[in-house]
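After this come two complexes, each holding chain A, first together with chain B and then together with chain C.
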Partner chain A sequence: MARKPAPKPAATGTKPVGKLPDRDVKTIGKLVGLSDMVAKRSMSGKDPLIQIPLRTKSNTNWNKKKGILEMGDATADRPLFDLKTAKQFMQTMLHASTIKDLIEEGKTSSLRGVFYKAKHTVAGTKENTFDTQDESDPILEDLEVSLGALREELHIFAENRGTLVGNITLVDKGDEINARRMGSGGWGIPSIVEPDVIRFGKCEAKFVLHVEKGTVWNRFNEDRFWEKHNCILTHGAGQPPRGCRRLLQRLNQELKLPIICVLDCDPWGHYIYSVIKQGSISLAFESSRLAIPEAKFLGIRAKDYDECDLGDAVKIDLTENDIKRANEIAAYPWFAENRHWRKEIELLLKNGFKMEVEAMINKGISYVTEEYVPERLKAKDWLE
Partner chain B sequence: MSTTLTPDAPGVSETTRKPMSKSKPAPRATAESMASKQRDISVSEFFAKNRHLLGFDNPRKALLTTVKEAVDNSLDACEEAGILPDITIVIEDLQPDRPASAKSSRYRVTVVDNGPGIVRKQVENVFGRLLFGSKFHRLKMSRGQQGIGISAAGMYGLITTGKPMVIHTKPKASQQAHHIELAMNTKTNRAEVTVDDETDDFPPRRFRSLTPGTRELAASSQFLADTDYPTGTSVSIDLEGKYQKGRGSVDEFLELTAIANPHARITFVPPTRESAADEDDVPLLRKNKDRELAEDDTSPPAEAAPPTPAVTTETGGVILFPRAVSDLPPETKEIQPHPRGIELGILLQMMKEAQSERDTYTLYNFLQDKFSRVSSASASSFCQAIGATARTKIADLDHAQSEKLFKALQDSKLPPPPTDCLAPIGVRQLLAGMLKGVRAEFYAASSREPDVYRGRPFQIEAAIAFGGELAGDEPARVIRFANRVPLLYQQSACSSFKAVTETNWRNYDLQHPRGGVPIGPLVIMIHMASVWVPFTSESKEAIADYDEIRKEMKLALQECGRKLGTYLKKRAKMRREGERRDVFQKYIGEIAKACNAISGVDAEELYAALLEQAKRKTAVADLELDEDGKAIKDKGADDADEEGVIILESAASRTGVDAHDSDAPPVGKLSRAEAAALKVHAMRGDDEPTLIDVKQPDRLTQKGTSSKARASKSPSKSPVPAAAPKPAADASAKAPSKPKMVLVNGKLVPKDQSPGLF
Partner chain C sequence: MARKPAPKPAATGTKPVGKLPDRDVKTIGKLVGLSDMVAKRSMSGKDPLIQIPLRTKSNTNWNKKKGILEMGDATADRPLFDLKTAKQFMQTMLHASTIKDLIEEGKTSSLRGVFYKAKHTVAGTKENTFDTQDESDPILEDLEVSLGALREELHIFAENRGTLVGNITLVDKGDEINARRMGSGGWGIPSIVEPDVIRFGKCEAKFVLHVEKGTVWNRFNEDRFWEKHNCILTHGAGQPPRGCRRLLQRLNQELKLPIICVLDCDPWGHYIYSVIKQGSISLAFESSRLAIPEAKFLGIRAKDYDECDLGDAVKIDLTENDIKRANEIAAYPWFAENRHWRKEIELLLKNGFKMEVEAMINKGISYVTEEYVPERLKAKDWLE
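Right after this comes the complex of A and B.
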């Protein structure tokens, strides 16, 4: 048979791990455990399989007491000898090997970097181990949950996404960042914001205003909203990434700053709020690190069309998809159990249209920064 | 084309007419004037005007029907006399110089057989009268039924060319043959003999030098050899016809006939050229490959005692359908009608006939004598049922009683009619025929138990061939036979075709558009054997649609379909498992490497362990590969469910698996194909306990046992001893190795050598 794996006679696998930090030694131990389990099962004639905690809604529990989503105990078997999972099994092992290399060399890599490192043609075929990064990213999440290791423990980071500006000083890997002097661009929130990377310095801000995306953030920054109202201004470029959410949580927990969100009035805006507040289904295992149960939803509210006397121009008809999504969200227990949110979604559906934050510009360029948000803040008119 | 008699037809005899009544200046017609025109119509006249009823609608079909009638008669005659049929068909083009655009031409069809011959005084009756024959008045399975065929062909020839039929017949090997030329008088339904003498020229010698091919074959005594035709009959008919290959052609008819009659040796000399096509015809079944093959085949079979290989060959344009089995079909018995299913009119007629036989015929005796399956006990219970006694005479029955009797007969619970009147082809022969003519990978056949329609026993057999070289996305081909005669026209009117469309082929993993035939690489064969096949018309092209018949047909098809479905599922599973193993094997190398990198586990060892598991998980793929050949052989012996199935190696079923299995050498293929042939042999005798003694054992001896040694070795091209010396182990099996298919380099050869059907 022409094909044969050509691994060099073993034993070169492990390098001395002596001077690695304890956290890394622990992670490597987990990786070796995974490999040993596969090898042991194979040699004893048992089905090699990896157990991966399920990241689905059915395995997500709503912890009402803590106000966050938590991952359940259900796991999915990923056997090698099953057509549906054979390739994923191989990919999981490849990534495990890649990560071990990263840790041993003391480097970190982006998701995309890991994808490229593990991507090659399968020996003897024309097939790639990974075709796209979309295949690779979920495998890394699988590894996180099955190893019970956080992404930074695996030495992987995502692209920077999300921006911050405001009355605070931060220390990023030893460099002092004065968030009051960020010009028009703001400070990009890194994907890893753990205390060993980011420390908080002097902070005068009294709260954090989180907006949905960059364009809105620009409006608020240009109008120096954070200066006038003594706050921190952030955005998460839509659904906020882990780095952004973790930073918000730390600001909330360590500096006791309230988090106030200004998001679109549509099911997607509602869900962004839900993720910030309770955590997401796919990252339920990290909720305790990410969720901010105290976060508040300031607007845009379904009632605003009437209350603020907005013009017809702000209306965007709900699509079928929107309606479907709204009903799904309404059924999530953490919404369904909240009388105010039930009403909010009912009104949205009754209105039959959605509204974007930008649409407020229809009332005046700085209407949202100078009238809408300040008034609501003053009145404490928000949803929780 | 003129339908009147041409001048050189023999004189028309006067028919008596009623004197004309006195003419009156009267209304259009009176009873008398009409009466003057009312007269007998001779059957011949009727059919001369309605020749389409007999299958002479157009020149092409006329040519086919003529050949068909003559061949049917020859086969019937041979079998009745217990002679293994040897039939030669020659079609001569009498207008070879006609313009290329001519749509039809004049042909001379000659059919020579080695049958028992015809005694001199019956020749005129057999060939010169419609509705004369031995077959109409009996319930016995035969190809011909009414006694119309050959006389009608002669009549058609006479009408279109004015030439009489030429007959040579030799009933006694030691005596000269009769040479008779006769023309039919349609008015009187009698033959007029124009030539009547004795001759030594049988079989007619002039054919031997007709074409290069016939000369070549005649030189090796393979063509119309005197020794092959000690007795027999030769009929020549000149007719206006059209020779064109394709569907519904003489070629197709003979090929199908050869499939359904593996015991017959058929030689066909086609005319030198085809008629101009006037429509897009179905492409030739045997394709033009034949021609090339004929040229390739430079070594004609050896001279002395040529052992005919059982594959169709072509020599210089002459097509030889060899004898594949040397057992005649079992002799069938004549039977009496069965009471159930008989009609009132027929019952009354039978009673009348019995009465005229003997005035004192009692009902009790009548029932026992004239019906099958009526015991003395049941006869007396019938008598009782209509209030008669055992001594009541038929003559004394009134009409009401007759009707009562009729009803009692219908309601009776009698055993079904005897079935020794039927000679089914048999599962083994069906498979042999299909194997010879159809290049597929899967064959299944089934033979139903006899059943009854209208009091007449019949038996249905079906066979299917699937895959291989058959075209994949076309509707399945249905080939139909009645009493071993292929039916080429009116497919959609045929009960068998309806049975095919009504069978749910989707159950067997085939595509099947509603109301149509299934789509796929499939040939479906249906055969009905009966003492009286109910055709829809005298041209015998379609079987009438009786519920009982269609039901049996569907059951037979379902039986075959189930076997196919099982095979397809198994094949799909094998393929899936093969693909699965591919996938697993692809990845385990990567996994072993990754594990090695992580924990330093021995990659080679891990790879070996994983490969072991992968093989075990996909064992089905292996299992079939390694054991199928053997399995087939075993099944033939003890697995009743798989009876009637042959599976040949197919490329499709091995793809993807082969590559990894270096242990499976081409020998596997060889033994598999051989196994199929062996199975055909092995089944011999199981389904045909009574076989008539063979007349010419020297030509083809067939021994059921063929050594296994041969199966694994000797991929010899043909059993001609000189051509391919065989291993010593084979010496004992010189004659027996009558291969259904020949092996060359481990491949099945019917494909390369025989111009098969498809």
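Right after this comes the complex of A and C.
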């Protein structure tokens, strides 16, 4: 991935970090390197500045060979002595300092927590360091890209979202989670799932079935789908958060499990799949650690209305906005260059209606878990 | 509780339900009773109709002695032969039939699933049974009240939301969940937590600490608060869903655990507390199975700004809407009649700002878990 090379770790100027995990020692080194760089520039009489890689569409490239979205090399300077960037410079340094504290204390915090930690009125002025969280979150993303460290490595978490059950044992902060015995509730997927927090234990599962919503997950779990088909069952409560995507990627890369998605037949379902598979523009700088180029889209397919004889009740008319989104998504290179996906989106548009996974109940309460998905799996009938 | 007496179970007209749990046999009996009642009226030459208890503010009473909101006795007739109610009559019967199928098959479904199950075009017409889920959900609530059965007893679930860890073992559909060993993720609280799904095993915990958001829950879990203070730690991802509320109530009633809430110091935090404690108008018919009159509000308190020397960074100005909401909430009888709560809301309004739990990070990353909450617990300094 075309990630900015991180500043070299410095040997001095930080507290002893001997007891910290290797990952944290590395991140602290990057943080210290960043401030050393600023300090050195200043000492040599130059203006203090930091360089921030650009997270824009124009600096996002589609790497066809790797099958992921990547960030380009363009950067922007953020000098201290410039009215336009002085505040952002200060904000970046403040957050860098909070992150160093978090890592050294072995603690994590939320995006909102970090915002509050840095928020104060600058002494002798009426100016706040930050007024709203909207100012704060992008600065944290700036730090991620500049340092070449994932947010999780900066000890910052988002809201937990998503649940897992299935034929695998996980070790979560030393606790053994037997995902085969998690009842109706399941194990909540944490926001930070890096290898020093979550380790994989015994795993019989042959694939991961990822569904869009918790309600669909409930149907599959209640019918013990993961037991009957020897798999892991996950959902991400809609657009899966980073923790869920990273966990799926680790299951795919480390345990070689195919990730098979069951999402709604609508532009939103296609977009969720696209993000799981290729990454997103706003997070392109970490596609290599989040994207799963070989993820599969099993359904719901536009052809299912006829092929499964679903009946009119499943139809929900496409709105104008749906049609617009479908055309936008069809233009994504990984869809545009794939004739199966072109056909899929064309048929969705020709149908003029979308279909949700939950609509399958029309054919029977467990039709989706006992007939639809098993038949498609057997026939390997999916899009890639 | 002034709940409508349920129709008597009928001896005939249903499939054998010998293998179903007692709870389900009872619910099936109520469903069959409802349809028998309609059938009998028709056979005796009267118009078929069902009576639906009114879920309006005017039919909601504050039972001061019990400390909960209750539904009154007022009902509305829903006759078949009336253009205004014919469709709703049909919808009620359709959903009753779906629910009977669900229970007999030992399965559950989501609100959306039940909507799809009933949605179809009436033969020979262009009329749909249901057009949107907005029409469907209230019909299910009608059935809950008419039958005197919780939605969970009708085998219908909502999105799962909320997480639990702590010094307790739960048995979830036969799987033993050791909530002391759930790592950073925790056990996902299911939507249906009735005793035939979730049983309580060994429990050392002396209370439940319920926090508003997953991000705050992460802070408390990371600091092993539940271990140090021998409790159970839950969150409901904002306004807690029914599953979470019902579980808290069961922990309170069956295991006699105090429920202690740590919520934001704003009208939304007060409202969440009010719903946990007293129930809500829209669900007043099931307050007796959801409300926890003795739940406590530990913080954040309006006095904390001074008392804990929090600093200006924690302040967020009250909006006009906040002020309006605060005044509305102050008028709830259980707050209006409680001088401590009157004072609390007055001080919030006098302060002119709200404070979030996450803002406490200003005093240190673990200030809230290591100083604030332990000190308040020790002093029993909370509102009731």
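To be clear about the criterion, the second predicted complex is superposed on the first by the 293 of 384 C-alpha atoms of A that agree within 3 Å, B and C clash if a C-alpha of one lies under 4 Å from a C-alpha of the other, contacts with A are read in each partner's own complex, and residues count from 1 in each chain.
Following the convention adopted for this analysis, a residue touches a chain if its C-beta (ideal position, glycine included) is under 8 Å from a C-beta of that chain, and two chains touch if they have at least 3 such contacts.
Because the structure is a prediction, the values reported are computed rather than measured.
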Contacts for A:L248 in the overlay, against chain B (first) and chain C (second): which applies, first, second, both or neither?
neither
Which superposed partner A:A96 touches (first chain B, second chain C, both, neither):
first
Looking at the overlay, does A:L263 come into contact with chain B only (first), chain C only (second), both, or neither?
neither
On the A-aligned overlay, A:G214 touches which partner chain: chain B = first, chain C = second, or both, or neither?
second
Which superposed partner A:I168 touches (first chain B, second chain C, both, neither)
neither
Of chain B and chain C, which one touches more of chain A's residues?
C
Of all the chain A residues, which ones make contact with chain B and with chain C?
101
Inside the complex, what are the residues of chain A that reach chain B?
1, 3-5, 7, 9-14, 31-32, 34-36, 38-39, 42-43, 45, 47-48, 80-81, 83, 86-87, 89-90, 93-94, 96-97, 100-101, 122-125, 127, 129
Of all residues in chain C, those that touch chain A in their complex:
101-102, 105, 107-114, 116-117, 119-121, 157-161, 163, 170-177, 181-192, 197-198, 213-219, 222-223, 237, 311-314, 356, 358-362, 365-366
Contact footprint of chain A on chain B as seen in their complex
580, 583-607, 609-610, 612-614, 617, 660, 662
